[in-house]
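Have a look at the structure below, then the notes.
Going in written order, the chains are labelled A, B, C, D, E and F, and every chain counts its residues from 1.
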Amino acid sequence: MSETADIQATNDEAVQEDTPKRIPQPDKITNKDLMKSWFGWWWANEVPHTFDRMLAPSFCFGLIPSLKKLYKDHDELAKAFQRHLLFFNTQATWGGGTLTGVTISLEEARAKAMANGEEAISEDMINNTKVGLMGPLAGIGDSIDSGTVQYIFIAIFLPFAQKGNFLGALLPFLCFSIATFIYGYYLTKMGYTLGRNAAKEIMTGGRMAGIIDGLGVMGLYMMGILAGQYITVKSYLKFDINQKTFDVQKILDTIMPGMLPLLTVVLLYLYFQKQGLKITRGLLYLTGALIVLSIFYII
Amino acid sequence: MSETADIQATNDEAVQEDTPKRIPQPDKITNKDLMKSWFGWWWANEVPHTFDRMLAPSFCFGLIPSLKKLYKDHDELAKAFQRHLLFFNTQATWGGGTLTGVTISLEEARAKAMANGEEAISEDMINNTKVGLMGPLAGIGDSIDSGTVQYIFIAIFLPFAQKGNFLGALLPFLCFSIATFIYGYYLTKMGYTLGRNAAKEIMTGGRMAGIIDGLGVMGLYMMGILAGQYITVKSYLKFDINQKTFDVQKILDTIMPGMLPLLTVVLLYLYFQKQGLKITRGLLYLTGALIVLSIFYII
Amino acid sequence: MSETADIQATNDEAVQEDTPKRIPQPDKITNKDLMKSWFGWWWANEVPHTFDRMLAPSFCFGLIPSLKKLYKDHDELAKAFQRHLLFFNTQATWGGGTLTGVTISLEEARAKAMANGEEAISEDMINNTKVGLMGPLAGIGDSIDSGTVQYIFIAIFLPFAQKGNFLGALLPFLCFSIATFIYGYYLTKMGYTLGRNAAKEIMTGGRMAGIIDGLGVMGLYMMGILAGQYITVKSYLKFDINQKTFDVQKILDTIMPGMLPLLTVVLLYLYFQKQGLKITRGLLYLTGALIVLSIFYII
Amino acid sequence: MHVTLSVWQALLIAIWVALIESRILGFATLTMRFSPLMTGMMVGFIMGDIKQAMIVTAAIQLVYMGFVAPGGALPAEPSIGAAIAVPVAILGHMSPQGAIAIAVPVALLGSYLYQFRFFLNTFALKSMDRFAAAGNARGLGFSIMVIPACISFALFIPLIFIALYFGAPVISSVVSNIGHGTIIHVLNSVGGGLAALGIAIIMQVIGKKTLLPFFFLAYFMSVAFAKLDINMTIYAVFGAIFAIIYVMLTQRNTDKG
Amino acid sequence: MHVTLSVWQALLIAIWVALIESRILGFATLTMRFSPLMTGMMVGFIMGDIKQAMIVTAAIQLVYMGFVAPGGALPAEPSIGAAIAVPVAILGHMSPQGAIAIAVPVALLGSYLYQFRFFLNTFALKSMDRFAAAGNARGLGFSIMVIPACISFALFIPLIFIALYFGAPVISSVVSNIGHGTIIHVLNSVGGGLAALGIAIIMQVIGKKTLLPFFFLAYFMSVAFAKLDINMTIYAVFGAIFAIIYVMLTQRNTDKG
Amino acid sequence: MHVTLSVWQALLIAIWVALIESRILGFATLTMRFSPLMTGMMVGFIMGDIKQAMIVTAAIQLVYMGFVAPGGALPAEPSIGAAIAVPVAILGHMSPQGAIAIAVPVALLGSYLYQFRFFLNTFALKSMDRFAAAGNARGLGFSIMVIPACISFALFIPLIFIALYFGAPVISSVVSNIGHGTIIHVLNSVGGGLAALGIAIIMQVIGKKTLLPFFFLAYFMSVAFAKLDINMTIYAVFGAIFAIIYVMLTQRNTDKG
């Protein structure tokens, strides 16, 4: 998890000392608050997308109403806003829904403990939980929502569109939007419940590691499947020696099918591994390389 | 294993105290006794099949000759009969053969210890071993005997039948009956030997857990394969919107092939999980649901 | 690892006591020495192939220049020669390259320690490391070099040959020879570095076991793949009953595809397991059995 | 189509079916019950046309290739199907396809009959318990074997006899009327779904919830690789390998723990 | 080919695209952006020929079946493609195939536009940080939603408007000239490779190097089983099963340890 | 068919074969031995018809695509097959198919010759042991390289020379006589089964019985997925992944233990 720690360190401009001070008692978090936060995140979702913070602002946007109820102390509220503006990226429902719920419950535990003068969950713990889960849940959520649910609805209603009926466009849109909104909300509530139960455990270590590991396995597994199915890099290089045409892609397929897409993703991964998660640069180098190679029909 | 414990509790009308009393020395168990017990189980096998005890009476029937040699004490013999009339179900050779052997060796150890006034294997231990192994071995045995061996013989000789030759019926029958009888007997003997060696281990815990786990993995795995290949539930629902036909089964296949059969078995499993292993009711509800759904061509 | 120990015991005619004596300081091993040893092994490789020592003499041949630099003491040099003439078999680059490197570094550690009067890596430890790694690396190397790299080059240039151009023969030969020579050398250097770092660990146990296990998994896995793809034993037995032809191979395929090749390799494995690794006899029995069975068209 | 059997023929076939369905001939009855072959052969003997009987039965067999009854539920009783369909086909000079059209619905009905036997057998339990408590081995054996056997005979012989002696023409006309109608569809659907019962029972009996992932693994392997037609033995080998590796990986811990 | 749109038509379409590409309608915009359908429908409404618009859009949709944007990188913007191609096709009475030939390169260009939005959004970050540090919830919300939305509108509305009002004829001629030339090839290759970006980002974000074998396992399963066309849900189930078994096997240790 | 080679031609080819089969040119001889190509090329040079030689050899190569010799057993010696078949084919103006018919049985016989070399090499072991015990590096090197090389030369040169100079016509007539008879069948069967030897040896040498499940896993994966034609590299990747996960899962314990 060292790289995520890096990200944090990079973005975290004002390092806060964590001696919990006494603050006013927080208000109770109700289902309505959860709905407000879920809707906030759902709405802002990819509006303020940038390469350096990704979706953190949207996540923070969703939390605003809940944080205001939890931190009556102005300083603590500001600190809470700030910590949720750090780098964050995940998928909207499985990732964002769940983590909205989890984060609110952890913040609630923190606020309560501070109000009672007890030992509170530290900012770091909240961050680590969020950051540890966001990746795996993104992997899972992208495969399910964008990769499966969306196209199932499209596939079902496509014949309408092919006959010129506008329902072929409207129905998949409505089904997808409504279904994801609803289960996203349930995931938020589930996250909140999970978080409440886990708050104690998280403080002591415990099973959380197992859950993060498991989700990590599944997240990486789904990334592997997506990589295998959606990255398409192949060589168009052909050359003639002695009237015989050499098709480089065929040769590569003899050696190992799927080599170039894998190479692409592994090289990028290693680049980020070495240089830190500098996405913009990664994007530029990748685009540059792809352009150069494809101009010469190497790929 | 809580559900099997339930079964036991339900059936176990007379709870016996387990302070082992002194009884006469048992006779030695010979190969002939094993053959008698194996044959008894083989013969009675599914004759007294009921939903609440399943094959327990047949298992008990097979044990009768051996138990009579082990428990010269009339009370102990009666108790032994009673404990082997409790719920029991397994496949005939891999399950029943093996467990006949194992059970006899455990009963022998119990009888000997009681005769010598030593600490004896308790009724519970005998039961738990039997009950822990019967399921996995059923899964394995059904796949091998009924699902594979039987149809291999039938497939081999079917061309005879197709030409009108009665050997096409007689030979697969003879081959299957003789082969299973013979290896069933060897499994009985193997079970007896295993049980002798395991008796001590079983009393102390030990590796038995690993064996049961391993057989459980394999048993459940084979159940998964059988479920995938033999449960056939599909939807015949079709509806027209705007002159376009929607084929529900096709849509389900887009979402996840094999969904309905899995759903069926998982729902039943959960029903038994919640309500206890009430097979008759499960059967009735399932049949009822299937009839209603199929009358309306939903399935 | 008992069987490899057997091999050792069989070949090890002069059992040496291992109390390390004081010997002169060894010369430093340079890259040039590694190249010499790699080349020696590469060159001698299968020249002195026999059934009882396999490629041990070639391995020893490669080590000669390095050992001479390490053991200025005549007795120790002789002992080193002798211990590397024991049974040894592995693939040339992945196995032999790597192990040449590893062995030199272990011998160096031994020689140094003896010169300084410290506790030295024992002959046994050197042997166990070599023997523990040679099998898995052979499995991996054969699949990669002989089974993949070689045929990739051949496949690429075959069209030349088909047009009557001699480059179709020369190019695959050159590519294969040069590529393997180069990466074999790098594997030697890598083995040497690994060995240096591992020398201490090997003496104390440590992670080495994990590496050997992992390579063992992969080696056996590749053997399974090779067995499935290259052993071809099938039954040609057909008999007619009642004008109906029984094709034994088809029946076997109903029972379990791939049965005969597996049987062949498992029987041989068990033979070696019971009788020790008597390769010549295994070869003779196998050939004999295959001849007899095939004369009668049973296979 | 004029279709009749003599009293003796009908009775003999009915007894044969009762022998099988009562399971009184031991585990050997498994394959007699799962497969129509032996029943078809007996019908051929009884009716004096073995050749035709076998040809028809072989066609029926193909429908039931691969049926299993894990945990007790067989979705159809092929032997009952054959007991009715083969005589009708022989007497009516029907094609094997026609025989199948009769055998399938009859076999489905037969499977409910077989399940009904389980209920009736319950009556024998009381006396078993009584004899066991009394330590009476002879009585126990009697109540385990004789009572259920008698129940089955009382159930199957009259029904099959009536179906054959009076019913054969009726059956063939009924069957051709319901054709591919709703009743057949319902029977088929119920048959196809009932296989789930036995599987759920065995899963329950195995009882280790933590091992359920292996059930799902297998289920989806069999779905995903359906096109490859992978042999059941090979799946069993995979199951065994997974079991061994699983135990290897968990036992180490326990050993060390 | 005489192709023109009225000012209002062009403007309405441009606003629609800006609504989607700014994502200001929430997560519901995901499917509007990944799929050309909704945009095609709107164009149909605006141009008064829903039927033809839908038929053309359905053909374009087939090209983009199964696109995903893990970690942010969608290799093409189908909705932008449709926004240009559908009007051109309707006005020019083009075949669906012709419309695809226009939509594909436009969608590729559109994806660079979308990425460009990420850069521009960076300008909003400063004020977010300021409002957050001040604990000003209202200001924070404003800077998160309003500023980026305005940026997107300023970016997309003029560009799409110009492209439609002035560019439609140009576009269709340009597109038919570059035909299957190098530019298209380059755009396609970049699109196909860019999918790697998002995946590498998520792998990085998951961050557990020890779990990478599962990435490779999945990758090579999807390559090796490509011919079997295994459904994504089934792969997800496999992933879940492997995760559960993995945790089971490692947790035991921890529990015992 | 009049088929003769000059003494020099026969001798040169015989020497070439001895160079390869003695392995005296190092590991580079592996591909010379497993593939007929280099030998075919040399024969072409020697006989002055490179083009025809290459065409014939390419056809022979196809028969031996993918041969491996784990643990020492190669089921045929393609280079020996080519050394005999290519000259015969050139002189007799035979079709490539005819050449294959000669090459296959000869290569099978050749593989016994190669195994015979292993026996003969045993004679060199005594002197190796002696020199090693004496710490005599030069003598040791001599006995490892020179003696076995001489043995191989003495074995292969005369035999191949005779076969080519006197035998070519005989061989082609013998081969056409035994045709597809029993001898060929036996040779083929032995060749196909011998591959098991090397594999069993390596399994034995790896020696970890607890890891055998991975052998069976691989074996049945390759059988079950045969129809998918999965590339060997991909299998190797699977093997590596399983190895890593296995070690991960067992090492944790050890670390904790």
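Here is the rule we use: contacts are C-beta pairs under 8 Å (C-beta built on N, C-alpha and C of every residue); 3 or more make two chains touch, one makes a residue touch a chain.
If you're wondering where the values come from, they're calculated on a predicted model, not measured in any experiment.
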Those chains which touch subunit F and also touch subunit C: A, D
Shortest contact path, subunit C to subunit E, counted in steps: 2
Path length in the contact graph (subunit D to subunit F, fewest steps): 1
Interface numbering overlap (same over half, different under half) for subunit D and subunit E: different
Rotation angle (°) superposing Cα atoms of subunit E on subunit F, nearest 5: 120
Pair with more cross-chain C-beta pairs in contact, given B-C and B-D: B-D
Subunit A and subunit F: spacing of chain centres that average the CA atoms, whole Å: 55
Intercentroid distance (Cα basis), subunit B paired with subunit A, Å: 47
Length of the line joining the C-alpha centres of subunit A and subunit E, rounded to whole Å: 17
Whole-Å separation of chain centres (CA-atom averages), subunit B against subunit F: 53
Shared-contact residues (touching 2 or more other chains) in subunit B: 148, 155, 160, 163, 165, 254-255, 257
Two or more partner chains touched - positions in subunit F: 216-217, 220, 223, 225, 228, 231, 233-234, 237-238, 244, 246, 249-250, 253-254, 256
Chain-chain contacts as defined at top: A-B, A-C, A-E, A-F, B-C, B-D, B-E, C-D, C-F, D-E, D-F, E-F
List of subunit D residues in touch with subunit B within their complex: 22-24, 26-32, 34-35, 37-38, 40-41, 44-45, 50-52, 54-55, 57-58, 61, 65-73, 115, 117-119, 121-122, 124-125, 128-129, 131-135, 137, 140-141, 144-145, 147-149, 152, 182, 185-186, 188-190, 192-197, 199-208, 211-212, 214-223, 226, 232-233, 235-236, 238-240, 242-244, 246-247, 250-251, 254
Footprint of subunit F on subunit D - complex, ascending: 225, 228, 230-231, 234, 237-238, 241, 244-245, 248-249, 252-253, 256
Subunit A residues within the subunit F interface of the complex: 253-257
Subunit C - residues contacting subunit B, complex: 241-244, 246, 251, 254-255
Footprint of subunit F on subunit C - complex, ascending: 1-4, 13-14, 42-54, 57-58, 60-61, 64, 68, 74-75, 77-78, 81-82, 85, 89, 92-93, 131, 134-136, 138-140, 142-148, 150-151, 153-155, 158, 160-166, 168-170, 172-173, 176-177, 180-181, 184, 207, 209-211, 213-233, 236, 257-258, 261-262, 264-265, 268-269, 271-273, 277, 279-280, 282-283, 286-287, 290-291, 293-295, 297, 299
